[in-house]
Structure formats: structure tokens, C-alpha cells
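Per-chain numbering from 1; labels A, B and C assigned in written order.
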Amino acid sequence: MCLGIPGKILSIYEDHGTKMAKIDFGGVSREVCIEIIPEAKPGDWTVVHAGFALNLLSEKDAQETLNILREMSELAEQEENIHRD
Amino acid sequence: MTDVNSPDFLKSYRDATLVKKVITQIHQRITQPWTLMEICGGQTHAIMQFGLDQLLPKEIELVHGPGCPVCVTALELIDQALWIARQPEVIFTSFGDMLRVPGSEGDLFSVRAFSGQVRVVYSPLDAVKIADDHPDREVVFFAIGFETTAPANAMAVIQAKKLGLKNFSILPANVLVPPAMHAILANPKNRIQGFLAAGHVCAVMGYWEYPPIAEKYQTPIVVTGFEPLDLVNGILKTITLLEEGQVSVVNAYPRVVTYQGNQAAQTLIKKVFKSVDRNWRGIGTIPKSGFGLQDAYQEFDASKRFDIGKIKTEESEICIAGQILQGLKKPSQCPAFGTLCTPETPLGAPMVSSEGACAAYYRYGRN
Amino acid sequence: MTQENSDHIQMQGPLCPIPHHHTDTVIISHGSGGQMTHDLIQNIFQDQIGNQYLAEGNDAARILFEQLEGQLAISTDAHVVSPIFYPGGDIGRLSVCGTVNDVAMLGAKPSFLTAAFILEEGFPIQSLYQIVSSIALACKEADVQIVAGDTKVVEKGNADGVFITTTGFGIIPPNRQIGGQFAQTGDAVLISGTLGDHGIAVLQARGDLGFDSGIQSDVAPLNHMITELLEAVPSVHVLRDPTRGGLATSLNEISCQSQIAIKLDEETIPIQPEVRTACEMLGFDPLYLANEGKVIIILPEKYAQKALETIRKSPYGHKAMRIGSVFHDNPGHVFLNTAYGTTRILDMLSGELLPRIC
């Protein structure tokens, strides 16, 4: 129910008193309402759904999750090799 | 944005090698059959699109939950939408998903073809713009969606009020996830042992509502995202909890989801909406499971603005959507699946939405 | 109609009898067949696309076929695209390229076109001029001539600006058999370039979905590229341009016509990153979007590499890729092998592509 895709904030402005941003999704840009992420700044990442930014996207957390999964996979592989030997 | 040009911390969530490694771990971890439900239609779509269900151990049964607002929007609401759309002064705006959902008689698509002005919008704010551009017409927006879409729907109402628009209204149809989870888990026929919670609903609402649910029904819940790596990670965590006999709520989508969720979003929602009882198509009325407009914004309620009158609401007798949405039956067990009921000639909503369990099965699962 | 004239005029029905020599917009009289029609044809059409056939001034064209061996390929198309102008093209270019390509898909050399215009009253003359300009340019590029045409005007509201119907003719050389029914087990499946460009360019131009990208329609005449291909590799079995319904729909049609199955490798299918992003934003699958300058080529495996090398030399074939193969099991179906080693069925497009939030 939630087609949300990540995008990078290029610029922030106001439209009739509503906080908006121009967001780049990788060569495609769109005007998005960022009223619920008031702390956002240009350069931040966010997830956008129906023309609305839902939350900031943390690059740090994204990387951490990847690191953990990569480590776990390596450990699992090592265990597998030990069992085989 | 997960293509060659996107940064590593995003595109790695589609890395086939890493996805397969996590799946290997699922195979290693599992010792018995488990039945999981992914609550979100977007997750169903992603699983089917990438064929991830083909890689999982046979012991895992993935049941597709009622996480598709298209599928669960009450028939009466669809019929109301059709009635409003047929009024000559109305420009009816909606997300594309709703265009082909069958009402008792026809769908929005056929209204567009036949007489009415029905326009697809990508965002509720586009509907407000249409109202601003057409002061001589009544513009109505079909406000469906889960909590994910509620802030955008709320913002549309607020913007319309700010602009002083007298010709804009919404047909409130938002539904909420936690009450649906309660309803599914409380059903004596329930088989669901673990939940993949909807990542973007949680981005808005947080996941503070889930520990009481997990505790009450002794069912682990894992907040899960939508990329292939997110999905297999969510499944791995759920299986791990089940195998270890642990009942807890885990956040497997921390890059977007926090425990408290987006406070500004929740404030915005509360300002415009209040919880109301809502009828879920195929399931029945679930208390406090929908959003209606607060008194201060009643003027924007399309169901009150128009004198809709009596509509005869008739559900297809053959369609077993309700049982499918609750995970009690699979689409392949429906007598009409693939014969009377296809994406071109849908009998019920789950065949229309590309996330609907039936459409997903039809498109991706008929190998 | 000036004020001083209006008092003296006896209106006969809804037609305005006064000829105007300068109008900014199309009016009903332009379609009446009289002086105004002649003026319109002369100033807008003849000036830009005139040739010896049209110059004869009859209601039909006389064509001398020097080579009467082989088969005649004929195709017709109605073009109602909205918006009329979009990044990379317009309805004029589309109407020529669409029909030229359909004829070329049978391995024929497109030579002649007819073009019938239905104009909506009030349509700007400047826009019409621009469209015919595009037609002239496209004809020149494709090396085809428009030999017969027609113009009608309908009342405001009865057409969306302009509708164009084109019919194309060409000769298929003897002993050439190319068609959707000729795919064979073991054949390779190629595509001449990136998918979804036209579909997204048109959507963007409609403005409803509010996004900006640099995506241009790929609308182009492919007949020269196909001629070169067939000279290098005569044994091509199938040529098809994946227009409405996209690659998935065209391949499904071919798999039914030939009673074979096609399996594609998802990772090899060329799609521009911006198109992929736009699709993800809207919830579209790029394999179902229209293309107006691409060709699917199905041919014996042993010629696949040579075919790719030949096409890649053409300006419209730089990004050509091999994307799959033909099998005999599960005839009438198309399958997609994903990057994860899984397989899913790729159905035909059902209904209309609609953006989704879900």
C-alpha cells in the first residue's frame, strides 16, 4: 500500500504557506510536499509517497543494516564450510 | 532510485548476491513449517515481481494480507464514489489504483468513458490544484489509503481550507493497520504465526502500537521494507524469532522507521482526522479502523456535501475476497480464479489491484 | 467575418460562406472542399510535402511500379495521441514513422503513404503547419512520399485537435518471409534499444503526473536500419515494433502466432535509468510502455551477433541487446528470468496502464 521511493532534496521553498521541495529521484525530479519533515535540508534523503515526503532516510542506518547483513552472511558461510570439512 | 546511478547504500538493497546469501541463512535457520503474513500489498507485489517466494524454503507459507486499500475499500464507498463521479458538475479525482475496482454496477473507468470527468492524480495535492483551477466545478478526491497516505490526504484538506476553496471535498476512505491485525489474529481460524509489518505505514506511525498486539496474540512482528533485501531480511528475522520461540517486535527497516514514527505526520493526521468504525470489503466492520474528518473540517466531507440518496449495494456472490484477504484461503482455491475472474474481468478488488493477492497470483504465480 | 459584411450575408445552414484568406485557427469552411480547402492544402500541405503525384491534382494517385515481383505490404494506422506535441516528437512525426515502421516490419521497402486529417474547428493553423513540417521531415528521412490525402473539419469538441490516419505501401522482395508467425525454437531475441522512452515522454508532456525528466520520445523511422540488417542477415524470422502494450504485449502476440515460448533475461533488457525511475515513481512496468522507434528481432541463434553488430552501427540501434531466446515448451507464453535466478510469467497488458500508490 505504500509505493514509496527514495529521493534527494535539491531545494526547499514555500507554496501558499506549505513547505515544498524539489526532489531528485535519479534524473527525474518532482515537487514534493515536505510539511512533515520540517527539519529537512537540501542534500538530505527522504522516502516519497503520493507526492509527500514520509520521513527522512538515514544513510547511516542504511549502511549499518547492509554491514550487519554482510557480516552475518560471511559468518554463516564460514559455519557452513566448517560443517562440511 | 535503485539503478546504476544510485548510491551504494540504496542500490545494494537489490544486490542479488547478498539477497541470495540471506535466503541461504533462512534455509539454514528453519526447522519446521511457519505461516507468515505480509500485511502490505506493496510487499506482495515486490515478492512476486522478483520471484522471491520461489527461493524461500517450502516450509514457509507466505499469506498475503489485507494491505491493499484498493482491495479493502468498502463496496458502499465505491458505489458512493461512482454516484458522485456521475454528477455532471463533478470532476472526480482518484489514485489510478481505484479506477478499475468493480462497484455494484461498473467502475470509475467506465464512468470516465461514459459520461463523467474522472481524473487520475499522483498526489492528493494535485486534486486541490485542479479545484483551484476549476472554480466552476465540484472537485472530489477519493481519499483511500492506509496511514501512509493519511498525511497527504490531511494536507490536501488543510491546503484547500487555506486557499478558501469552496469547491473541494474528499470522500474519506482511509483504513488503519493495527485494527486489521487485531481482527485477523483474533479470528479463531487464524493461522498466521508471524507478521511482516508495513514499512511505510510505520515510517509515519512508528511501531509503538505493535508490542501490545505481539504480546496479546503471542505473535512476533517485524517491521519490513520493500526492496528485495528488506523483504528477505524481514523474513529472516521473523523466522529467527519463531524458531527461538521469541515474541517481540523488531525493526528491520531502521533507515526510514523509528519507534515513535513521524510526530509531525501524526499531529497533522490528528488535526484533520479522527478514528471511525470502518467497513472492510469482504471482512466486515472493524471498530475504529478508519479515518473520518474532524468536526472542524466537516465541510470537506463529500459524503455529506452531496445528497447521495439510496444506493443498492450488491457484492458478487462468487467472489471470496474476504477469505483471501484474511489469509483463510488462497486465490487458487477460488472457483472463479482465472476463469470468470481475471484482471480484465475482475469480480472483486483483489484481482484488480496489482497488489491484490489474486492479481499477483495471476500475473506472477502461474508457472 | 467583419462587421460590415455580416449584415449582407444570407446564412445557409451552419456554414460560413465567406472565404477568409487569413485565419489563425481552423474553421469549418476549411473542410468544405471549396476555395478555403484549396488554400489550406496549398499553403500548409503542398508547400511542404508536394511531389509529382500530388501535383497531378486528382482524387487518387497513379503509381508506376517498375518492379512487380514479390508481395505488396500495406498498413494503416489512426493517430490520436494526446498531447499532440511532446519531447522528441509530435503527432506528425509519429504518423509517418508508425506506418513506415509497420510496413518495414514485414521486410518491405516503404515507398508511399496516404494521410487523412480530421481537424477540430478552432485548432491553431500554426500548430497544423508545424505538424505538417514534421511530416515532411520524417518523410524525407524515411525516403517515402505522401501521394494522396484528405482533410475534413469537424465541430469543436468532436476531435482532440487533430486526428491523422496514414496508410503505407511497400514491396516485399520475392522469397522473403518475415512475420510474427515465423519464430522458431532456438532463435535469439534481440531489441534495438532502450524501452519505455516514448511512453514516459508522452506521460510527462500530459503534465498530470507532475514530474520532470530529460526523457525524449524515441519516435523514428526504422526502415533504413532494417534494410541494412536484412542485407547483412537475410534469415531474420520476425520483426515487430513494440508500440502500444510494450515489449511484453508484442512478445506475447508473437509467441501465440508462432506457438512457441519466449524466455527473457531481465538484466539484459536495456532501460534508461530515468525511465526506470519514472516507472518506479508511478508504479509502471517499463516492459508495458509504448515504444515508437524500436524493433524486436527474432532470428536464428548463429546470426545474432552479426545482427547486433549491424544494428549498432545505425543511429537508432546503438543500444541494441540480445534479451532472450525462443523455446518450444509452454507455447504461447513469455517468461522473465529475474536477477535473482527466479522466473515469472510476463503477461499481455490488461486494460490500461494506470499509476498507483499501492
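Keep this in mind: a residue touches a chain if its C-beta (ideal position, glycine included) is under 8 Å from a C-beta of that chain, and two chains touch if they have at least 3 such contacts.
Note that the structure is predicted; figures quoted are calculated from it, not measured.
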| item | value |
| --- | --- |
| Closest chain to global C-alpha mean, per-chain Cα centroids | B |
| Pair with more cross-chain C-beta pairs in contact, given A-C and B-C | B-C |
| Centre-of-Cα separation between chain B and chain A, whole angstrom | 21 |
| Inter-chain centre distance, chain A versus chain C - centres from mean C-alpha coordinates, in Å | 39 |
| Rounded Å distance, chain B centre to chain C centre (Cα mean) | 38 |
| Per-residue multi-chain contacts in chain A, two or more chains | 1-3, 5, 25-27, 49-51 |
| Junction residues of chain C - those touching two or more other chains | 210, 273, 277, 280-281, 283, 356-358 |
| Per-residue multi-chain contacts in chain B, two or more chains | 1-3, 5, 41-42, 68-69, 95, 122-123, 126, 145, 149, 355 |
| Residues on chain B engaged by chain A in the complex (per definition of touch) | 1-3, 5-7, 9-10, 12-13, 18, 21-22, 24-25, 28, 40-42, 67-69, 95, 122-126, 145-146, 148-149, 151-152, 155, 159, 162-163, 198-201, 203-204, 226, 229, 233, 252, 254-258, 261-262, 264-265, 268, 355 |
| Residues on chain C engaged by chain A in the complex (per definition of touch) | 210-215, 273-274, 277-278, 280-281, 283, 356-358 |
| Footprint of chain C on chain B - complex, ascending | 1-5, 14, 16, 19-20, 41-42, 48-52, 54-55, 68-70, 95-97, 99-100, 109, 119-123, 126, 145, 149, 228, 342-344, 353-355, 362-367 |
| Complex interface listing, chain A residues touching chain C | 1-3, 5, 25-31, 48-51 |
| Interfacial residue positions of chain A with respect to chain B in the complex | 1-7, 16-18, 25-27, 33, 35-38, 47, 49-52, 54-55, 57-59, 61-66, 69-70, 72-73, 76-77, 80 |
